[in-house]
Amino acid sequence: MIKTLRGRATLTIVGVTALAVALAGCANNSTSGSTPGAKPSTSTVAALPKAATCTSSDDATTTFKLGTFLPLTGSLAFLGPGAVSGAGLALSEINKDGGVLGKPTCTIDTDSSDTDNPTIGNSSIAKLLQAKVSAILGAESSSVTENVLSKVTASPGTVMISPANTDDKLTGISKWYFRTAPNNTVEANALGSQIISDGHTKVGILVFNDPYGTNLRDATQKIVEKNGGTVTYGATGKGQEFPSTQTTFSSDVSAVLATKPDAIVIDAFDQTQAIITALASAGWTMKNTYFVDGNLSAYPKLAPGTLTGAQGTTQGVNPNSAFKARLDAWYVKNEGKKLTTYSYAAESYDAVMLLALSADAGKSATSAAIQPKMLPASGSTNGTVCKTYAACLPLANAGTDFHYTGPSSIGPFNAGHDPSTGYIGIYKYNSTNNFDFVSAVKG
Amino acid sequence: MHFSRLSRSRSGSKKWVLPTLVALLLAFLATFIPVGATASAAVPTCSPDATTACVRGTLLDDDSNAVAKVSVTLTPPTGPEETEVTGSTGQWVFSVHEKGQYKVSVDTSTLPKGLKLAVASKTLTVALSSLAPAAFDITGSQTSDGHVVQQSATSLYLLRVWQQFASGLRLGLLIALASIGLSLVYGTTGLSNFAHAEQVTLGGMLGFTFAGVLGLNLIVASVITVILCALTGYLQDKFIWGPLRKRGLGLNQLMIVTIGLSIALEYTYQYFYGGQPVAMTGIIQQNTGPLYMTPISYLSMAIAVVVLVAVGLFLLKTRIGRATRAVSDNRALAAASGIDVDRIIRLVWIISTGLAGLAGVLYSLVQGGMQWSTGLQLLLLMFAAVTLGGLGTAFGALVGSMIIGVVVEMSNLVLSADLKYATALVILILVLLVRPQGILGRRERIG
Amino acid sequence: MDFLNSLFTDFGAQILTSGTAAFAIAAIGVNIHFGYTGLLNFGQAGFMLIGAYGFAITIESGGGFWLGVLMSLLAAVLFALVLGIPTVKLRGDYLAIVTIAAAEIIRIVGGNALLEPLTGGVAGILGSQFQPAFQALSFLPKTGTFTLGPYTYPYTEGDSWWLRIVGWSLVLIFCLIVWLLMRSPWGRVLRGIREDEDAVRSLGKNVFAYKMQSLILGGVLGAVGGDIFVLSSSVQPDSLGRTTTFLIYTCLLLGGAASIFGPVLGALLYFVLRIGITDFAGQFIPSSIMNSQQIPQFAWIVVGVGLMLLVIFRPQGILGNKKELAFND
Amino acid sequence: MVVYTGTGEPVLEAKDIFAGYLPGINILNGCNIHAYPGELIGIIGPNGAGKSTLLKAIFGLVPVRGGKVTLKGQDITNSKANKLVQAGVGFVPQNNNVFPTLTIEENLQMGLFLRPKLLDERLEAMYDLFPVLADRRNQRAGGLSGGERQSVAMARALMMDPSVLLLDEPSAGLSPVRQDETFLRTRRINATGVSVVMVEQNARRCLQICDRGYVLDQGKDSHTGTGHELAEDPKVIELYLGTLADEV
C-alpha cells in the first residue's frame, strides 16, 4: 500500500512537472521564433564556438580562466543573456585571435542570482575562488557585488569587474574591483539635459527602491534642478520609491500624475512593462516618457505605436549593428536561443577584453599580474588606441602602452576604478516599440 | 462585450503588419547611417561630437503643446548673434563649436497671444560634445485663449484619493478571487498552501500561452486557462494531496511540501517563460470615466464580483456548498454524517485552483502582464487577507482581501511608497492582537 | 575523473564556508522552535536580519564588537517578545503567519529609502563598515593566506580561517548546548508541549513561559547565525527574507528535525547537493537541451521537487526519529 | 462467558481489532465486541483504554490494522464513513459534534446528506423528537448550550434512520440533570428498535441503563456481561468503578 502510494506520488510529481514542462514548452518554442526586437539577421555572421569550461588541470598562471558571476536565475535573470553573450563572444573572439598568453582561454560560468538568494552567489564565489580564476566578471546587481566583495578582495585577492554596477558606494572600494558601467552621473547628465531641452521642467520620476534606481534618480534630479526644472514626484528624500518586488502600479501612477508632471522618467528594471500599461491606460502621453539604460529595450509584445516618441538613454554610441549581429550569432549557436536584450553586452565584452589584454601585458594569467595592468589597458597612460583584441595584442605583447576602446566606448579607468568618461546614446521609440538612435553625448 | 471589442481590435491589428514591416526595414536601414546624420530633416538637428556642442530647448505651453514661430536668439561669447524660429515641434537648436558662456533669449514679441514668459533670457555654460539645455517656462495655453483652467491642488489630491481607493477595490477583488481558494483549502483540509500563489501565476502564464502565443481570442483563451487550472487542482488532489492525507502526513510537513512545490513551479515558469513579464495582449486600453480605470478593469471587477457572489451563494444555499462548510467546520463529523469528505475536498481543490487561475488571467489583463514571481509577491498579501478575515472562512477572505487591497493601494498617501506591503502586514498583526480569530473568524478555531 | 575530483573539492570548499556555518546555527535555532517545541517560526530570517542590524549598526556607530554582539542578541530577544507574547497562545499557523509577516516588515522597513542613513536602505551596510572590528580580534596573522590541502583561504580577511573557526566552533558549542538542554527537565517539558500541550498544562507547568523561552533561545541563535553570515558579506535586507527562512527549513528537514546534528548535517548536505545538481547538469546535459541559464534554473526545480519527495517519503529527515515528528494534528 | 440478550445474528461485530492513530503504535490490541439487534451496549473503561478509538475504528475514522468489523454479516472493515452511514450506522462523537457555523436545520440536513429527497419528512420526525430544535432551526449551532448541542448531534445522527447508533460519551460535560435526560433519551431511541453502542465515562449510570456492557482495558475487552453483572462484579469494581469513585 505504502509502496504503491509512494510510486504514485512520485509519478504524480514527475507527471505534473512533465505536464507543466510540456505546456510551457509549446509556449517557449513559439515565442522564441519571433522577436521583432532582434533586427540583424544572423546568417551572415559565422558563429564562433564557446570557450571551453576550465578543468582543474588548467594552470592558474598560464591559462586565462574567466569566472563569470552573472544573474542566471532569480529576479534579475532577464538581464543575464546580454552579459552572457557579451562575455562569451569576447572569449570566443580572443580564442580565435590566438588566445591569452598564446593559450586558449577557458571559462567557469556561475550564477550570481539576486539578493533574495545570497547563498547561490556565495556558493558560486566559493567555487570560482577555489578554481583560482584569473578574474571574475560580475555581478550585475550592485547589491550582489557588495555581498560577495569582501570574500573576493581578501588575500590573495582576485580581480572582479562588473559590467553593470552603478552604486556610488563601490567607487574606489578596493584595488581589485573595477567596472565598465559608466558612473551614472554621466547618464543622468544626458538624460536630464534631454528632458530639459525637450521643454519639460516638471519631471516625475517613477523610481524603484534599489541602489541602481535611487543613484540614477539622485543624479538626474541634480541635473534637472540645475537647469531650472523641478522633480514633482519621486525626488530624493520624499519616500516615493516603489519596492522592487512590486507588481501593481496604479497607486504610483495615480500619485505621479496627481503632481501634473510634463515628463515622466521610468527608472526601473523589469517592472517597466507593468508601469507602461498603468501609465498608458491612465491616458499619459507616452511621448513625454523617458527610459533609462535599465529598461531601454524593445517591447515587442506591446501593441504597435504604444511607445512612439518616448525617449531613453543608455551607454555607448550608436550600437554597432555588426557587433549586435555577432552577439546574436554567438548566442544562437551556443545558448540555443535568440537574444531579446543587449543590456550590458558591450560592457561585458569590453570587461573581458580588458582582463585578457591585461593578462597579456602582465605576462601571467593570475589576478596579481592582471590587476596593475588594468588601468593602462583602459587608456590611463594615453597609449596607442586599438579597438580589437587582434589589434591590441601585439602592443600588449611588446610591452607598449596601449588604450583599448571597444563597443561600450568608455573612457580610461580613473583612480576609483570607474570609467572616467562614457558616451551616452539618446534613443527614440518608433511605432514598433523598438528604439532608434538619435544622438550621443559624452559625459 | 468588452472582450469582443478587444478581440476585434486584435484581428484588426493585421492592418499593422505592413507598416510594421516597413518600419522595421527602415529601422534596420537606419542603423547603417553613421552617427550624426539622422534622417529627420524637418527639425533642425545637432549632434554633439568632439568639436560640436548643442544648445537646445523646446517651447511648450501649459498644455505641453508646442509653441511655434517664436524667435530665439543665441549670443555667443565672441562672434555674431544667431537667431532661429521655432518649428512645429516648438524646438530650437544651435550648433556651437566653442566652449564658453552663451546667452539665449526669446523674443517675447513673437510669442502667440496669451502666452507669457517670466524669464526671457538665460546664460548657459557650454562644454563641447555635450548638450546644453535651456528651459523657458511659458505660462498660458494656446488652445483656451490664454485662459487656463487649472485644477486646484485640493481637487487633484481628492481625485488621487478616489483613484487610489478605486484601485484598491480592484486589487482587493482580485486578491479575494485568488485567496478564497486558499481559504477554502485551508478550511477543509487545514493546509496552508504556499504553492497557491503559483496557481495564480499559472493562470497568467497559460493565458499568455493561449492568447499571446497561440493567438486565441481572449475569451476562449481565458476559458481554456481556467479549465486547465482547475484541472491541475483535480490532478494535484488526486495524486498528491489526497494520498498524503490518507497516509496521515502531518499538516506542518504538508505545508513544507507545498513550499517545495512552489519553488519547483516558480523556476519552471522561469525556465520556460524567462525572467520578464509576459502579457496576454499587447493592447493597452484607455481609461474610461473620471478615474484611471480601463474597460478591462471594470470588467474584471465585475467578473470578480459575480464569481465571488456565485461562490458565496454556492456555499450558503446549495447542499454541496453547505457540505463544504460542514467539512470546514468539522471534517470528522462531516464524514460521520455521510458526506464523502474526499470528494468535497477534491471539489474544493478544483474550485480553488480554478479561481486562482481566473485571478491570474484577470490580474495579467489588468496589470499588463504576469511574471514568474508575480504570484510570489502576492502570496503574503493573500495570507494576510485570509488571516485578517478569519482563517478558513470564505467570507472572511473577501473582507480581508478588500482591506488589504485598499491599504496597499492607499498607503502611499501617508507613508513611504516602498512600505505598501509592510503597512498591510502591520495591519494584519495589529488586528490579530485585538482579535486573533480575524474579523469574521470564530474563536474556537484559534486555540 | 577530473570532473569528479574538482566536484568533491568544490563540496569541501562549500562545506567549509562561514555561510554554511551561519545557516547551520540558524537551523539549530529553528530546531529548538519547530523540532523540539513544535513552534512554527517562519520568520527566522527576520531574527537573522534584526540581529545583523543590531550588530552592524552598533559597530558602525562606534560601539565596538562586544557591544555589537550584545545589541544583536537583545534585538532578537525583543523581537521574540513582541512576536511571541500575542501569538504563542494561539494555534500554530497563527504564529507562522505572524512571524513571516513580522520578518517581512523588518525586511521592508530596513530597506526603506528614508532609513538609508541608518540601515543603508536596500543596498545595506557594507561589510567594510563593521567586519574590521571582528577581524581585529583574530589571533591569526592579519594578512596573508594559509593553505590546508586543496584549500587556501585568508587568515583573517573576508571569509577567512578565523571566521570559519569561530563559526564552526559556535556550531559545535550550540549543538552541545542543545544536547544538554534537551536532556534536562526543561527540554523534556518542551517536548511535552510539542506532544500534548494540554497534558503539560495539567501538570501545572506554565506552557506560555516555556514556549516564550524556546522562541527567545531559538531566535537568539538566529541572530548569531545572522551575525556570522554578514561577517563575510554585507547586511542586506533582501538577503535575509522569506527565501532564506524556507532554505533554513529545508536544511532542518533534510538533516532531521528534533535531532542534535540534524540541522548541521542538513545545512552541509543542502549546499553540497545543490552544487552537485548544478555541476552535474552543467557537465552532462548538452547546451542544445539546456543553455547555461537554464541549468541553474533546472537545479532549482530539482531542489523544489526534491524537498517535496523528501518530506513525503522521509518526513523525519536523515537523522530524525519518526516518533519525534508525530506531534502534528 | 458469553451473554446473549439479543436474538439471532449480531447486527454489529468487531473481532480482534488492532488499530491506532500513529504508524506503529496500536491503541486497540485485539478488541472484541458485538451487538445484537435492538441491544443497548455500554462500553466503559479507564482513561486511555481505547473506548473512543474503538468506536472510531468501527466507524472507519481510525485505520484498522488487524481484525474485522461486520455489519449484519457484511465486512465493513475500514469502510469510508459515508458508506457506513449509507449502510445504516449513525455516529455521535463526544466533542465537536455539531457544525458550529451551520444552522440547526443545516446541521440536520447534513445528517441526511445521502438521501436529500427525504429531507422534509425526516426533519419533521426530528423536530417531533427534539421539539426544542424546531423553534431555533435557523440559529447557528455554535451558539447553543451543551445540552442543545447534544440534541442537535443526536438528531443529526438519526436523520438517516440508522439501525445502529454509536454514541461517544453522550453525557460528557453536561450537568447531572442534562445527563439524566440524555440517558433517558438514549433509552427511548433504543426502544424504537435502534441498536445503540455507547461509550461512557459515567460508568455506573451507563451500566444501569444498558442491556449489556463491556469493560475495556489497555485496548482489549477485559470483561463483559449484563449491566447488572458488571456493576456488581468485584473485579470490575476494584479495577475500574472503584478507582473512578476515588477520582470523582
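Order as written gives the chain letters A, B, C and D; numbering starts at 1 within each chain.
Here, a residue touches a chain if its C-beta (ideal position, glycine included) is under 8 Å from a C-beta of that chain, and two chains touch if they have at least 3 such contacts.
What you see is a predicted model, and the numbers here were worked out from it, not measured in a lab.
Among the remaining chains, A is positioned farthest from subunit D, on the basis of C-alpha centroids. Counting contacting C-beta pairs between every two chains, the top pair is A-B. Note on chain placement: the centre of subunit B and the centre of subunit D lie 57 Å apart, centres being C-alpha means.
Averaged Cα coordinates give subunit C a centre that lies 50 Å from the centre of subunit D. Here the CA centre of subunit A is 32 Å from the CA centre of subunit C. Remark: subunit A and subunit B have CA centroids separated by 25 Å (rounded to whole angstrom). The set of subunit D residues that touch two or more partner chains comprises 23. Shared interface positions of subunit A, defined as residues touching 2 or more other chains, are 9, 13, 17, 73, 77, 80, 209, 239, 241, 243. Counting only residues that touch two or more partner chains, subunit B has 244, 248, 264-265, 267-268, 270-271, 416, 418-419, 421.
Residue ranges on subunit B touching subunit D, taken from their complex, read 248, 319, 322-323, 325-326, 328-330, 332-342, 393, 442, 444.
Across the interface of their complex, subunit B is touched by residues 34, 40, 86-87, 89-94, 96-98, 100-102, 104-105, 108-109, 111-114, 242, 246, 249-250, 253, 294, 297-298, 300-301, 303-308, 310-312, 315, 325-329 of subunit C. Subunit D meets subunit B in the complex at residues 21, 23, 59-61, 80-82, 85-86, 91-93, 96-102, 106, 109-114, 116, 142, 156-157, 160.
The touching residues of subunit C, when paired with subunit A in their complex, are 2-3, 5-6, 9-10, 13-14, 17, 19, 23, 108, 111-114, 121-124, 126-128, 131, 143-145, 150-152, 154-155, 157-160, 229, 232-234, 236, 238-244, 247, 271, 274-275, 278, 282, 287-288, 291-293, 295-297, 300-301, 305, 308-309, 312-313. Those residues of subunit B whose C-beta lies close enough to touch subunit C in the complex are 190, 192, 244, 248-257, 259-268, 270-271, 380, 383-384, 387, 391, 416, 418-419, 421-422, 425-426, 428-429, 432-433, 436, 445-447.
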